[in-house]
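Down below are the structures I want you to see.
Two complexes come next, and they have one chain in common, chain A, joined by chain B in the first and chain C in the second.
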Partner chain A sequence: MEVTFVVIDDTISIKEHPLLYTLEDKYKNVEFFLKPEDGLNFITSHLELNMIVLLDIQFSANDIENGHSILKKISEKSELIPVILWSGINETEESFSDFINNNAFGFISKDATIQEAFVLIDKALTFLKTNLDNIIEDWIIQKPEDKDIPVFFTANGLSLSLNQILYEIRNQTYLGKSFSKKLNQLTIHLLLNKLEKLND
Partner chain B sequence: MAKTKNDENFLKFNFDVSAFRLLGRELITDRITALFELVKNSYDSNANTVTIEFININPISKESKIIISDDGFGMDYSDIKNRWMVIGTSSKRRERTTPEPYNRIVSGKKGVGRFAVDKLGAKLILKTKKKGTNKLFCLETDWVNYSKIEYSQMSLNFEESKDYFTDIKNRYWLEDGQIDSQGTSLEISGIEEEWSEKDIDRAYKELSKLISPNNDSKLYPFHINIKSEYEKYKDISIKPQIINFASLKFELSFDLKNNTQEILQFKNNQLNKVTVPIRDCGPLKTTIYYFDRLAKDKYKKHFNVEIDGIKIYRDGLITTPFAEYVDTQNEQKDILGLDKRRWSGFFDRLGTRDLLGYIEITDKSNPFIVESTNRQGFVDNKQFYQLKKFVIEQIQQIENFLKNQRNSSRETTKSGLSGASDNIKDLKSDISKIKNSSSPEVKEVLTNIEKNLSKLQGTVNKSINDFNKSEEEKKQIENLLFSLVSLQTFAAMFSHMAKHTIGHIITGAEYFNNNFPNPKLEDRFLKISKKIYSEMMKLRTGVDFMLKYAKSDSDFEEISMKGLIENLFNNIYEDILSKEKIQTELILDKDLILNYNRKAIEDIFDNLISNSIKALKHQTNKKIKCVGIVNKSDLTLTFSDNGSGIDEQDKYRIFDIFFTTTAEDGGAGMGLYMTKTRIETMGGEIEVIENEFKPSGASFKITLPFKK
Partner chain C sequence: MIDILLAFDNDDINAGIFLTECRDDILNFFNGKVFPLSIINSNELNHNHINKSTSHLKSFIFVTYCHGNETCLAEGGANVFLSETINISNFSNTFFYTVSCSSGHTLGHELIKNGCKNFFGYKEHFNFYSGFSSFLECANHGLFLFINGESTDNVYSQMIQNYDYHIKKVYKTDPVIASLLLHNKNALVKIGKNITINDLII
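After this line comes the complex of A and B, so read on.
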């Protein structure tokens, strides 16, 4: 699975932070944005990518956005992107309730070690790997011949292939969400009626 | 009286059990609130007078009754059917004012008055009449029937078919009446709890708060009477709360024509009224009474109530949040936030227990001051915030005045004490003069007197010592508190910086540990090691600065003014200044070395800089400029920024302690106060001058005297 790390932080020296170097060494793709709007633009225009976001909380007063509002906007766009808050802020002074409400994946303090940070980053990677879209993607990579076979038929006569479904899920469209839900229901139905068996 | 009873006539209430519970039980929490609501209903019907009559209410019997009658415009059949019996379509919500010519602002906004009756007694006979008819409309309601249904509907038994509230019949009939008379009377029986004299006393006191003290000056005054079997309350008209014994009274008015509002200003040891433009919350007619301890005791003893803060009256009637009755005054909500102020309890601050007062607003001039729907407060908008700020500012000025008075009384004590010591000395020398020429008997007495005088002088001297010591201690405590607050701000800044720095260093070392050696990563190793070095340097400066804070307050040293300000601009605040893209400029014609306490001087500029940073938050092309001229015996500094500037109305109070316009950015209103006090202890001055940068910004002129 290929993953892109999106780092949004208004301190330029973060660009040369050893954590970012490590991520680059390991996963190659690290995108750094000084301006929160630019970071948000990148995310919304690359929903087809597997992304993990590292987001600062406090931005300069000149920026309209801050960690709170960016997280809200990402979470409105997609629930599939783990957003990790990475900040030097005093945890006791910050209001965290909206972070929880907007499904922040976790919090890394700016003074954490690489090792400590990776506890959460690894969790985010696992989260991505077990997501339905990535399972579909893996399937397509392994069996490219299945890519364009229609598998999902809608009430108004549309038929979608695995590849199209992947796009719909990653863009969190109505169709994408509806497919995910129905697929889960189908799986439970198959298991309950002993039409399929799941083994580990 | 001839009755035309007709048992066939019934009316049904048009609401369900949950509305009954919600409005009856939860909004009308007790008997006094219930009376309040019913009296407000009378007010809303343009009544001039409402009478509350308690009949046989102690002890309780079948004959116990409460009759509330008014001379308002009354109701007809259609009003009863479509308004009284219906909730949710309150006519009061549609019409903000009562009919001409009274034009009173409708006070009972929720239409909950009828549920108040339930709280007073189980049975109601309502009799009401409009002008121009000769019939009284009468309606009988037995709340017991409703309670029964309420109980059965709230129990979890879904299968049974049940009666609904809307099925209960309320009998009505007509009675003869005078064609010219009008009004409504509520005869409540089925009373469950007795009304002791103390209860009536409480009702009286609470109802007296309902109308503004300027009630009688109004064109259509509103009177409330109480009748009961108690001697004191046999037939009494409720007078607005009388305020007596206050130590200080302040009245602030306004002038709509010139758009000015009076406010209090403490300056040059005097508390004066000055005028400022009327604020967005509209004009506020304000009366504030301050009670010192003695006055408080007198007031409490005389009126048998507590002093309970400042209340808001609209068009002569108390606003709802202040009208909610609470059993004990400690539970009274602090709607204006007087007791919530930061550092409450320190520095002689006043709270709701020291102040009484009323702010009078009108619906017309203050349309945005609106009670919130839950009746517990006001809609939290800009205008209400301004009103709160206005009240707190006035109190702060009074606090400053009182503090000053206390200080000067301390001075008097001190000079009195040393005067006494001198007097004793004089007495002693007088005695020694006559001692030798007096008889042995007198001599013996005089020797005794001399001995006692010496003892007395010892006591007086000790008192002077103690007094000085306690003054010194007080100053030390204040100083300590100031440095604590400034330390707090610094600590927050420092730890933020340290977290970033440590993060860089720790992960840098870790990266080396994980990857070294690796020729491919050579470039990174180089960058990281440079970074570790520069971050370490940053940390070192921060620690040095922190250490200075830890230093004792009394150390004096040679300080280069230029170096000190440069250090703040280029090192200490460098991070935040560059992050906020603030340009700084320092022009000093020559350097000046002062022998003073470094922290005190640092505090001055520290606070000015952080103040400017806050003011520059939303500006573009941000600038801070400091220009100094060394004169013969003083240093004159101009400190300017092109930030949001200081409001005209705030100009002379920005140095007041706890005055802040940046509370949301963590401003505690200590910064400029500390700057000013630090400068004043150095014998200097600070003032706001015309801003150097146009169109916006602020400039301070600081004068620091020195001896060569």
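After this line comes the complex of A and C, so read on.
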């Protein structure tokens, strides 16, 4: 699975951080943004990519956005993107409650070793690979047809286009979750009927 | 020969194309067969017309593809044309076959209590996805089997097998479609006695 790491940090020297070199070696696609709004623009205009975000928390006073506001805006666009807070701040001094509410995937200290950092990064990768919502998202994105034409209907009047389904899934609405619930049931059906088996 | 009433909400703004395709497939099936067919389209799908069409019949097959909920069927999702309180007693001695959301949850049981011999429908939402014929083929399959003489118990088990066939056909390339078909399969219900078409002949 191809993945793009999006790093949003206003400290230019972070580009030389060993973790980023390791990510480039291993995964190739690492996008670095000094300005938080540039990082946000990249994310919102590339939702079709599998992305993991490494997000600093504190930015310059001149920046309109900071880690808190960027995380909130990312989660408003899609709850399927793991956003890892990557910061040198003192965890006991920063307010974290909104990070939790806005579904931050986790926190890595800038002092953490590569090995320690990869514990969380690997979890984020597993999330992308195995999350049923991401599978549905990928299926929709690959569809060549016009994504604004209604294609899904129920016999009680509901109709949705692929883009509408994508919106529901990314925002984890009740309807969005119902799609992944159905996919979950399909997985069980396939396993029980021996059409598929679990990998060892 | 048994009367067959086919009621389709073919003009529905959302589901109309699918319902029309189902209707046309059913009419194609009946082409060349000698059955007294009455076709009711959207503009006649109201309780007055349904009552007029059914009240004089002692026994018949009623097929309706339309919107519904747990307790009623409705044209356009809003104009109720069949419910327990309006006209359910008209449907005693019938085979009732419907593709509508959730009518298998409550309405189907009420129809049976009021003398309907057998009901096929769905106890949850019925999903369909444009461009995949599996939904139509699965929706219509049971009706064709019943008309061809199969008992309702056999119809049900063959409909389930047919759903499984279509799920297996598409799941590798289109897992989302397969999941929607599985949902429909799991929602399918058969209520009432085990009958064949001959049991409707009075």
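Just so it is clear, the second predicted complex is superposed on the first by the 132 of 200 C-alpha atoms of A that agree within 3 Å, B and C clash if a C-alpha of one lies under 4 Å from a C-alpha of the other, contacts with A are read in each partner's own complex, and residues count from 1 in each chain.
Going forward, a residue touches a chain if its C-beta (ideal position, glycine included) is under 8 Å from a C-beta of that chain, and two chains touch if they have at least 3 such contacts.
Every value quoted in this text rests on a predicted model; they were computed, and no experiment measured them.
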{"item": "Chain B versus chain C as contact partner of A:L195, first or second or both or neither", "value": "second"}
{"item": "Contacts of A:Y21 with chain B and chain C, given as first, second, both or neither", "value": "first"}
{"item": "Touching partner for A:T11 - first (chain B), second (chain C), both, neither", "value": "first"}
{"item": "Which superposed partner A:V151 touches (first chain B, second chain C, both, neither)", "value": "second"}
{"item": "Which of chain B and chain C A:W139 touches, first, second, both or neither", "value": "second"}
{"item": "Residues on chain A engaged by chain C in the complex (per definition of touch)", "value": "135-136, 139-140, 145, 150-159, 179, 182-183, 185-186, 189-190, 193, 195"}
{"item": "Interfacial residue positions of chain C with respect to chain A in the complex", "value": "14-15, 18, 65-69, 77, 99-102, 122, 125-131, 164, 167-168, 171, 174-176, 178-180, 182-183, 186"}
{"item": "Touching residues (chain side chain A, partner chain B) in the complex", "value": "10-11, 13, 16-19, 21-22, 25, 60-62, 88-90, 93, 109-115"}
{"item": "Touching residues on chain B, where the partner in the complex is chain A", "value": "492, 495-496, 498-500, 502-504, 506-508, 510-511, 514-515, 521, 524, 527-528, 531, 579-581, 617-618, 620"}
